[in-house]
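Okay, so chain A shows up in both of these, paired with chain B first and chain C after.
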Partner chain A sequence: MTIVDTRMKHGNASDGLLGGRLARVDGPAKITGAADYAMEYFPEGMVYAVIIDSTIASGRVVALDTAAAEACPGVLLVLTPDNALPIRTATGWMGEPPPPVPYDPLAREITFAGQHIAAVIAETFEQATAAAALVKATYEETTPISSFDDPRSGEGNPVDMMTMEWGDAEAALVTAPVQIEQEYRTPREYNVPIEPHGLIAHWEGDMLTLWEPSQWIDGMSRAYAEWFGIPFENVRMRSPYIGGGFGSKAFPTRYGAVAAIAAKMLDRPVKLAVTRPQTFTAFGGRPATRQTIALGATREGKLLSIVHKGANETSMNDVVVEPLGSVTSIMYATPNFSSRQNIVPVNTVKPGPLRAPGENPSAFGIECAIDELAYEVGIDPLDIRLLNYAEEDPHAKKPWSTRRLREAYAAGAEAFGWAKRSPGVRSMREGRQLVGYGVAAGTYPVRRTPGEAMVRILSNGTIEVASSSIDMGQGTYTILAQTAAEAIGVPVETVVVKLGDSSLPRAPVAGGSQLANLMTGAVHKAALAARDELIGLAINDPNSPFRDLQANTLTIEGGQISSPRDTGSALGIAEVMRRTGRERIEALRNTLPEELQDEKERFRNYTTISTMLSPTEGDYSLHSWCVHFVEVRVDADFGTVRVARMVSALDSGRLYNPKLAESQWKGGIIMGIGQALLEEGLVDPRNGHVMNNNLGDYLVPTNADIPDLQVISVGVPDTHASVLGGKAVGELAIVGVGPAIANAVYHATGIRVRDLPITLEKLI
Partner chain B sequence: MTNQITINLDINGKTHALAVEPRVTLLDALREHLELTGTKKGCDQGQCGACTVHVDGRRVLSCLTLAVQAEGRSVTTIEGLSAPGADLHSVQSAFLEHDAFQCGYCTPGQIMSAVACIREGHAGSDEEIREYMSGNLCRCGAYPHIVEAVREAAKVMS
Partner chain C sequence: MRDFSYLRANSFEEASSAAAMPATMLLAGGTTLIDLAKCGVTNPERLVDITHLDGFDAVTVDAEGASIGALAKMSRVAADPSILENFPAVSEALWQAASAQIRNMATIGGNLLQRTRCAYFRDPASFPACNKRVPGSGCSAMEGVNRGHAVLGTSQACIATYPGDLAAALVAFDAIVHLGGRKVAIDDFFLLPGATPHQEHAIQPGEMITAITIPASVAARHSTYLKVRDRQSYEFAAASAAVGIELEADRETIRDIRIGLGGVATKPWRARAVENALRGKVLEPDIVKSASRLAVEGAIAHGGNHYKIELAPRVVERAILKSGALA
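Right, the complex of A and B next:
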């Protein structure tokens, strides 16, 4: 179902306006089980595919014995590289043209454990699962490089475009009165949305329908079209609800190609859901990172130099960069700075984006390092942040559009009671519990891509908003309804929002925390255009009761059209549509600049990320900001860490719906608590397997791990950042949580843990 | 293994006759055979709680229950918690009011768990709610709002 049931409960009429605390309009569907996620469709004749993965991390498949599987009841096809329909390689996400070679979603050459090597398609899920267990692979195995801790992985390859330098950082460091240097590490971390990945692929002639959870319908549809050499318009992707993504559902996948190939070969709709263990290797999470940070400072704690060197794991054949200098380079003012980064190829699946790629581990490094400097020079960790406050972007040398970080420090410290902190480590205690207070800041850039939206006014007065953008829980359905309601002047209940369908107007990726800002901008523009047309109709149509008023304009409020001079004349929109005989008013608008308006450029804008503007494009540097204050309790005997309470103050600019934005912030903070204390992909050094590839062993936070969280908005509308004044929300709040907790643990225990997660064996 | 058996399942007060292989789980019977997709598959190995349903009023992981085991018992899923068109169950209303979900995928399981948690008498304090709701993972991180919703619904239900 793509049309959202708008039966909703909310406080008052103002909740329906932009900035109101309207409950999710897609909420009723989600709490009754009526929301149909992508893999919950039942096309006639659907069969089931199960993917088979390599059990080695390096080498090649020399033989696949499929006889036993093929003999199983219900089995329709055992797909291998030998019999798979060949497909082409698709354009990359940056728009780079594909090499003229076939794309092989099933591998013969193995570069990581868990690589897809075959698939079984059968009449039922149970038959396919049982038969898949009977496919026997014979390998020629070579010794894998399991991680970047394997000495054979070396130092990796420098990524020159990540180098940032000003002043003379090395020289300033060695002459600085105070110098500290440490290494900070984060392990492989996984997205773990509760809805596992997968799809239903259905061919009708050369038309391909895909029901697939997607953060980027247009980008993924393009890949399917190019793989099979069919026009983009022949691909229909539907993704009305998405059970979480956090970066992992934005890109085309190999299993997606496998399902579409099988569906074509069998001429049957194929459903392929990867298993929970496969979600650890069918696509990548955040790569493991390490970074060395050297700080040079005065004895008073004023920074003189930052020297930063980072590295992240990548897969054997791909360049994946987790930008470790992204926060290091902008958080604090320093006259001298240097940052370099390497990537280290290892036998892993290609890493992918996970909530705040780059900013998240970057902040772990610099926000722990600045805390260490505070203790080194003997000043308060909050004071050292204010002492080194960056009044402008130190890297881009541009003014911030808005940076309400100072206000965040003040509001957060006040609400938390930071002043009650006793400065010494191990100086606060309650019974057997060591108590620690920690603070750390975070930031996330404002990324900008143009968008597109259709707004329709229907004859019954319903307002329809349509876009191929998506809602995976951020609240897109809701804030777009609020945007249209406010722009046109109708009650929000009369707005129906359709999303998640490639047949609707185009949208760029729901990633980089950009979607809310770009889509509210596009919907606002389209809604105003529709409103103008409606008013024009009411003024000019011979059958309109307003024609005789000779008015220049009319007002629309609460769905009633009236003359500003004669409010007694008010008529409902449906009545005006009826009297003028109009079926509908339609406005399709985009926010593309002039140079991107032609069809080719428009297509590029929505199907690649090559038109996305960086946060420093233009006169200002655009970022969201936050600070987290944490109290931890560490058991003095057992080393167990509990987060007792947290206060976070955040600057995301204007909030379109504070109720939903607060939920996203808290969600990011909770994921950050997991990152700090629980989450770690454990790789077997002997064979490169991710050993804890399930939710019982890869621990994510449970309800019992999470205390009350207080979030405070300190943002103000920032119209340099976006048309309606919002900045980034979704990825902001996770940034800085890890270091805030690590800093609190240090304050509690005197033990500085520089490699996440902070597990008990590191504290006893 | 092709031998199918016919079972009768009482789901949300309605009897469904179903021909399935004995190895079909209650979860797959609901989702793939009866198209009752409100019950979600998150891990298929008893670790996430997204598939929680009530069997004879008790919360059960339907991914770890064979469909045949549910024969002769009364199964309630999210679709049966409140009649279509009727008022929402007080737990459902509280989830909406407190924004106790984002993507919504774990939500049916959370709600089924919450109803049972309150009935079991395990909603006496926030701490108790957190503990007894910890079998249901939420990756969007709606936990504090889930606690608020369960606390409020418990008041209404008592």
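Right, the complex of A and C next:
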């Protein structure tokens, strides 16, 4: 069996090999409560920090009265900008050198509501909370610009590097027989992982231990080291399990700096748990976006031109770009294209990445627009996608490595029963329920950063895999065990995977859907090296029973070593280790190219994203693809939208574990249903507050909102994309869900909703 | 630390006398009280735990009607077969309220007393102005994010929505709130905000809800609760209606009709104008449709909640037709 075969059967030993449907190895620990998350660690002498946030969105703090809080029982420190231990600014995530100025995690100048201005540290959480309520801030308030709907925010600033152009899009548009133009909008959306953020910071001399849920242990550790001017090796970050991140746990935070400063000043371990309302302002979610898309086409629906202008909100002092042209520029073939993007500074927290940043809102625009064109010219929404199918990357002008989108359209349409769709709007109903079918495609690029891994063969036959990469529920523990089991030839039960600890071999960010591909590549390489050494030992060691066979090689299967010529001689790995007297075999391997092998470059590779390859670097354009088919039921009187069923066909290349990949796809689809119908940060225009900053009011889907979801894999191994043939999984499936639902709602009702979410008042 | 004293009441008398003390609140399921204490909205000096009192959680139904002990859990009342048979709207309202976890904790007495979800009411640190919290301080919701706010029963001082589902059904069927020996009609138990939105209930210091009774009626037997919202579970109503109908022997003329509204008013709302327009009329879609418009007579929107004026009559209409089919 080659490494690229996907095993279709399950329930047997092959589940444990690559492509097998092994259940998550961390599952039992999680469902029994035995899995300790980072914040469940209780070092001796730990005290509690509570953050105080600004209640204004714009202005400055002119005074902080801390006397009442300081007088409270149990209070150890009220941290303010005046008394905080100064720290340095850290290197940025692209590796840009830091300005030589102090880093102030507590603010005097206020640019958004919810900005940290002080913290109280006390012996107990309750004491700190009560005292924090007594800290009185006096502000000098200026009128905030609370969103890009405020006319004072203007058009924003152009981001020239986002401009993409070919042909003459404006000229081709005005001469096109069919022209449509509309604006599409998405609101502020939030990551809301079920495990809130926070950390425990613990200094022992100049060694700093951090227990913190993290999507990027090495990148965040570097920031802590640089803030305090200590060596990288002095920071130990531990993040054994993560209760979801969706992009929000990848970067160093101001509250993290606050906790580490307080711990240093008090010489006590400090726990800082971000409250649920603070998860809306202590870091940013997806910024609000708007896009104008003009399509020029023939009367038959063939695209002649796309003119795209996008804008997203950013914070007052940061450049955050949500790349709105990312799908627009590659989904369809068009001879003329133009895309520009602005960013609009407003009084909000710096926006952050949220599942498929860029691709997600980008697809909402283009996938609604192409649907509008289909109705305009009177052809089936699926046919117009095939008519304008991009046979190569229209922007990079390179061939796709693999693009199984046509296969996805076919498989999805067949499973869904798309042919039963009646073409007219409001043409299908059941009683008061208007029935609508909708389709939309999605894509996500394959991002590539080299990785490294340690594989050990222990004397008892256990295989150990070690990496500072993490598992936030996507299945890293499981697929790395499968990778090692397959490469060495052992049952998966004998593999122990250690993750989430900065003392282990390094790893780049678990983001951009890159981790599975890069880590399976690194583990596979290290495991083969360990296997080679084990076989070498068995062939050459004087005490090995295989020595007399004078074999060129040996085979390992099911944990048994044997000679291909003499299978009767099989011995377990532990037995060979015992007879040869070896304690362990260790192989540390990385997938870095030669020019990145020196220590400085290796450090840069794991602690910045500056070595990440773009999807078009090389001879091919590398992307995952998907299509979603949706049936909605819209109540004709109430405007309520229910997703009745959904079929998605996805090309993520080879699946290392179909069960886990399907689970991740479904998670993305569910999140997409929430985005389409429910999620929206409601901001008070007067003071920039997020009014629904809790899980009772910021609505994410419940089980009742989600029908059975059918997902179909149409991928094939793509070895241009990754060592073992996988492409992006985690961020792919949310892309296209929003437009598929909006398109289905249009088909059901004849009402085109171009601003998410599609709440009931937009349909009555 | 925000200290408070905790008293576990062992008898009704003990609970009543403790409840008469200043800055004292009764603690039952705690699903509202603990939540609001964390938000900094309530800060009682004394909590009196009444969950250990005996004899206040019975659910009985006889020819006269239902009696529901104040300490009965929402989930138990919802699942009670005789409630389901005689007051289906009550059972349905409870099933569609909150989440399974909350229904298993929250009591019927506490459910009636739940406070509004107005985000301005719930965030004193960021929004000092709230007439419900601090009389005379102003209303932050009037000009703010008010998609969920009330369009009926509002005042210059307050537009906060009464959030509950159960009370909408209770008000339709003339339930009585028992405060020990004193009985108050449910429509009088809930107060309009007027100039005093901080006064929400006709409950006096030292009083405690002991039970709710609902008179038996044909309309209650043929009733339903329709709740409309964006999310299918664990969300408050955009608009809801509890409707019960009794038809004449001709099976088409409406002898009696009861309509309670949720999600649109500052208190559980009885739609008497719709009832009066339909009593004696034939149960026929066009008649029902035009009568349902009366549900929002006098409604005032404040921007984000304008859709409720359109939505509420549609919910009433559908609920009437649905309960009419049951009658």
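We take it that the second predicted complex is superposed on the first by the 754 of 764 C-alpha atoms of A that agree within 3 Å, B and C clash if a C-alpha of one lies under 4 Å from a C-alpha of the other, contacts with A are read in each partner's own complex, and residues count from 1 in each chain.
Keep this in mind: contacts are C-beta pairs under 8 Å (C-beta built on N, C-alpha and C of every residue); 3 or more make two chains touch, one makes a residue touch a chain.
These numbers were taken from a predicted model, which means no experiment stands behind them.
In the superposition on chain A, A:Ile670 makes contact with chain B only, while chain C stays out of contact range. When the two complexes are overlaid on their common chain A, residue A:Arg24 makes contact with chain B while staying clear of chain C.
In the superposition on chain A, contact is made by A:Gly243 with chain B only, not with chain C. In the superposition on chain A, the chain among chain B and chain C reaching more residues of chain A is B. Applying the stated contact rule after C-alpha superposition, one finds that A:Gly74 touches each of chain B and chain C.
Look at A:Ala704: by the touch rule set out above, it reaches both chain B and chain C.
When the two complexes are overlaid on their common chain A, residue A:Gly696 makes contact with chain B and with chain C alike. After overlaying the two complexes on the shared chain, residue contacts for A:Glu195 are found with chain B alone; chain C is out of touch. Applying the stated contact rule after C-alpha superposition, one finds that A:Ala113 touches chain C and leaves chain B untouched.
With both structures placed on the common chain, the touch criterion links A:Ala130 to chain B and to chain C.
Touched by chain B in one complex and by chain C in the other are residues 73-74, 124, 126-127, 130, 696, 701-704 of chain A.
Those residues of chain A that touch chain B in the shared complex are 8-9, 23-24, 26-37, 40, 42, 73-74, 124-127, 130, 191-196, 241-246, 273, 275-276, 472-475, 659-660, 662-664, 666-671, 694-696, 700-704, 706, 708-709.
Considering their complex, residues 1-2, 21, 23-24, 28, 31-32, 35-45, 47-48, 50, 77-79, 81-82, 88, 92-93, 95-97, 99, 101-108, 111, 126, 129-131, 133-147 of chain B touch chain A.
Touching chain A in their complex are the following residues of chain C: 1-2, 40, 117, 119-120, 123, 125-127, 143-145, 147, 228-235, 238, 306-307, 310-311, 314-315, 317-318. Residues 55, 72-74, 113, 124, 126-127, 130, 133, 432, 635, 637-640, 642, 677-678, 682-684, 686-687, 689, 691-692, 696-697, 699, 701-705, 757, 759-761, 764 of chain A are the ones touching chain C in the complex.
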